[in-house]
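Should a chain be cited, it is by its letter among A, B, C and D, assigned in written order, with residues numbered from 1 in that chain.
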Amino acid sequence: MSPASRYTYLGPEGTFTEAALRTLPEAATRELVPMVSVQAALDAVRCGEAAAALVPIENSMEGGITATLDELAAGSPLMIYREVLLRIAFALLVRPGTGFGDVKTVTGHPAAQVQVRRWLSAHLPEAAWESAASNADGARLVAEGRYDAAFAGEFAAPTYGLEPLATEIHDAANAETRFVLVGRPARPVAPTGADKTSAVFWLGDDHPGALLELLQEYAVRGVNLIRIESRPTGEGIGRYCFSVDCEGHITERRVGEALMGLKRICPQVRFLGSYPRADEVPPQQRKGTTDKEFTAAADWLGRALDGRV
Amino acid sequence: MSPASRYTYLGPEGTFTEAALRTLPEAATRELVPMVSVQAALDAVRCGEAAAALVPIENSMEGGITATLDELAAGSPLMIYREVLLRIAFALLVRPGTGFGDVKTVTGHPAAQVQVRRWLSAHLPEAAWESAASNADGARLVAEGRYDAAFAGEFAAPTYGLEPLATEIHDAANAETRFVLVGRPARPVAPTGADKTSAVFWLGDDHPGALLELLQEYAVRGVNLIRIESRPTGEGIGRYCFSVDCEGHITERRVGEALMGLKRICPQVRFLGSYPRADEVPPQQRKGTTDKEFTAAADWLGRALDGRV
Amino acid sequence: MSPASRYTYLGPEGTFTEAALRTLPEAATRELVPMVSVQAALDAVRCGEAAAALVPIENSMEGGITATLDELAAGSPLMIYREVLLRIAFALLVRPGTGFGDVKTVTGHPAAQVQVRRWLSAHLPEAAWESAASNADGARLVAEGRYDAAFAGEFAAPTYGLEPLATEIHDAANAETRFVLVGRPARPVAPTGADKTSAVFWLGDDHPGALLELLQEYAVRGVNLIRIESRPTGEGIGRYCFSVDCEGHITERRVGEALMGLKRICPQVRFLGSYPRADEVPPQQRKGTTDKEFTAAADWLGRALDGRV
Amino acid sequence: MSPASRYTYLGPEGTFTEAALRTLPEAATRELVPMVSVQAALDAVRCGEAAAALVPIENSMEGGITATLDELAAGSPLMIYREVLLRIAFALLVRPGTGFGDVKTVTGHPAAQVQVRRWLSAHLPEAAWESAASNADGARLVAEGRYDAAFAGEFAAPTYGLEPLATEIHDAANAETRFVLVGRPARPVAPTGADKTSAVFWLGDDHPGALLELLQEYAVRGVNLIRIESRPTGEGIGRYCFSVDCEGHITERRVGEALMGLKRICPQVRFLGSYPRADEVPPQQRKGTTDKEFTAAADWLGRALDGRV
């Protein structure tokens, strides 16, 4: 297939990222290519070898995926076009014939360890944990006989010839991970009425109230924040940029005006896209912030400029 | 002369308002008509009998002139095109031949009394005060022999055949009054770089933070306030509208955007004009609020909407 | 009677102020003394000749009574202990035997003129208006035969031997005036649960955001404003102090902390008292602003200072 | 030695954490015990097996160390008593006799990889990277002959019998890591005039302006923020707590009042300590926020409560 129909993702095969990618209808007609890292998945898009990449950006246990946040903030610009929410539950994958009593060593990604700790101490208190580069990689190592069991998505079992010894494993019942589909910059997809807009802002001379001012640019236009994350700029302790998701679409007036306000007060701004919310929650819009009200106010100003008050 | 070349003012002849009006170069070629009240002066403009009216709007001792503020806020719309600042100092006008020892009764407008109280108790502690409808009217009553002396502008002496017994009388050295030249709504005069924009805002459901929100619409765009005055709406104790002067001209982007923001959150807004500041103080403009920066931000947004980030 | 049982009020007899004063139960056992001006009424309290003074501070048509606001802000300190709300309706008082057809001249205080203008043009379009120093004084002048009719409170009729030709006259149905009972500074009356706290604040170097900062000291502690009024400081155009009424009592923690915050940022603050609201409206209190929550937070801080977290 | 003289740290021996710990004068008289994880280091303190633990909390390349932030926010309370800033530069450690041409495989902690990437591609473009559990562990694996070279602190060389082939390696010249010395809760160390206060705040019902309100509790008291970091609460995507460092010491009034304000509006607050700033930068204090001004305002309020205004 051509690069135009190729999607990369954070691999290897059998990861939750692959499972998330397969929830997209278009995935059925794309070539899905696992990559060794978020950076590699995104670089393939940047250099034109793939049309888009699906990468995790946030999970409910660990917070923002810093590799993704930092890759999107730096390098040549990319844009988010879709998001996918995936509920996370693990299976304990073993070679056929393995029973609970046989499991002396378990493996998985370090992030998985955090999420199954209580289950593990309740069900396999004696098992020794060894970290793997990814959950899927852990499954491969079990298949190769290096460890006895791996925590991974149940969907990874067939890929590696394993069987689930237990499923629906998760210390926190409502754990989920958010993934984003990233492509090269282009016109954002049309607003759906329940959209999200992502951007990164660098604060300037680092004066005390700078973050407050940033938030007020949103607040005064009635644009609600969904997520705000500080990330170091690499210029020393205490120097940050802010990765922000807000309600609404860049084509909506209140969002556009807030972004312009931020563009004016921040030395650097990077727009990361407007796209449909996976949870389809419509915005809670304060009086005076609809497009209709923006247009009416602009009409009024136009009349005032002409002296027709 | 035709109404087009007629200016009304708060009379009678010999008031400070007339003196302020005569500081305008164009006054030399206009028919200047004194009126009995601010309302009468403005109504002549409203009904087309005069091109403009000069009325006092604020003085440094008494604050806002409520008759003017309320007249501008209600009735058919008017707009401010100029402002005039006049330093206020009184003369004590007497009939020729009158000496200090002869002054048993003094008169003047009640506002004058407030401003000469200390002088009076120092120089004429025994004199009885009687209020007049205006300072000029007081001078007339002295000329008619009803009182012995009147506080008025020195310039009123010849009009009434009086002489100044003392001049430069004022308890507060820097007292001044601000007057505005008001006409029917038309395109505002071009910005000069040191302008002022006036408007009246009605708050809606009167929720606790409404005034704070009003001020934030200005603050977030870096537009400084010069004057804010609460006025009752007449709908009961505790119901106000706010008369606000801010720095800048409606054609400037930061001012226009603030006004539109206020238009969106307030149930009613009345634009009262953008006009040159009499004190010619240029605005202190915060980074990110110049028209150039507004334009650059709008260009950036336009590119983002096209995916050119 | 002794000064301790003497109350002054803005006279003369028969004014609305006297009517408001007589609504206070204690008025029955006090010597009520009319004074010629707000200043005179308050000065009698300042110099110990009276225990308290009742003066108007705000009316729903004209706004703040500037004489009262300015007297309370300057001179030796006074405090407000009570407020009285009085619904305002005028009677047209005439000498017995006078009919509508006989009324050629009418009088009253200029403030009354504003409030009966529409009634007058509907019922007595030909009558000439002459202003009087007070409504009661107008009644006296009618009794003396100088004018034909006076607008005043109906209760003023017997005092001057007049009769009401019409009653319940008012252009605005819900017009009312707020009066305050003012005494020398002492411990505020105990909180009732529906109280009001008044103070005057001077802003310092007059930087653009000073008013916003003033309001935020209230807002951040969840203290709602009831009234805010700018008054000139007399130091020149554009220099103001702010007279502010807020919900709550100085003994309540949120109010006390807001006042201390204002004391810290303002070069000058004058506390004017905490007293029961005449309308008995209890405060809308935001979560986290009750005294109980303040105490719990202080306890928590005390523990944290001791390392008991 | 007894637990009272034992300090744990994020091991193994030879890590930057150990180097940071050794910069503390008291380290010379303590038993320093390396632990396998931040959690293990802190748990030793929690259960009384050690007096304190030194753990990394933030680095200038990667941002907040989430393991440390999350451990401090959850579990039984701990407090920070000191911070240490350590400039980060790597050495490339090899077995004696190894030259650049012999290096086919390199190892180190994944965080090190991020910080030496450019150096590596310039000097050893062909070398294969394998991650180790820590930089010190990488050194151990080189000593055991498993890899050819390890990125670690130069100080780690003698511990593992290695030699530096290159030193002062770092892609970003000013990279540094911040470490905190954590103990069981006790009275904070006395203020030095250049202090920092750390706390964690949970927002309640997650209303749009909650973060803005949180920041305003600091801003209105003139307390500057140094660091703010959002961390997931584990209750689902979009649910955060905020880890915040501000200027000043809990014993200072402006800081104490801000913390109490936050305690009142947040459903949960955890105080993490007040301690000297490693960079010794004194606070930029706004007028009206010194302890002296707080005391003066409290005295003023006390007088007002007594009617002595």
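Here is the rule we use: a contact is a pair of C-beta atoms (placed from the backbone, for glycine too) under 8 Å apart; a residue touches a chain by one contact, two chains touch by 3 or more.
The structure displayed is predicted, hence computed values, not measured ones.
Peer 1: Under the touch criterion given at the top, what is the topological distance in steps from chain A to chain C?
Peer 2: Minimum number of steps from chain A to chain C: 2.
Peer 1: Give the chains in contact with both chain B and chain C, ordered by label.
Peer 2: Both chain B and chain C are touched by no common chain, going by the contact rule given at the top.
Peer 1: When the Cα trace of chain B is superposed on that of chain D, what is the rotation angle, expressed as a multiple of 5 degrees?
Peer 2: Rotating chain B by 180 degrees superposes it on chain D.
Peer 1: Counting shared numbers against all numbers at the contact of chain A and chain D, is it over half, same, or under half, different?
Peer 2: Mostly the same residues form this interface, as more than half of the numbers used are common to both chains.
Peer 1: Which whole number of Å gives the spacing of the CA centres of chain B and chain D?
Peer 2: 59
Peer 1: Using mean CA coordinates as chain centres, what's the gap between chain A and chain D in Å?
Peer 2: Roughly 26 Å separates the two chain centres.
Peer 1: I'd like the Å distance between the centres of chain A and chain B, where a centre is the mean of that chain's Cα atoms.
Peer 2: Whole-Å distance between the two chain centres: 57.
Peer 1: At which residue positions does chain D touch at least two other chains?
Peer 2: If we look for residues of chain D contacting two or more partner chains, we find 216.
Peer 1: Which chains are in touch, pair by pair?
Peer 2: Applying the touch criterion to every chain pair yields A-B, A-D, B-C, C-D.
Peer 1: State the interface residues of chain D toward chain A in the complex, per the touch definition above.
Peer 2: 58-64, 66, 85, 131, 133, 172, 174-176, 178, 208-209, 211-212, 215-216, 219, 224-232, 234-240, 284
Peer 1: Which chain A residues qualify as touching chain B in the complex?
Peer 2: On the chain A side, the touching residues are 77, 79, 185-188, 213, 216-217, 220-221, 250-251, 256-257, 259-261, 263-265, 269-271, 287-289, 293-294, 296-298, 300-301, 304-309.
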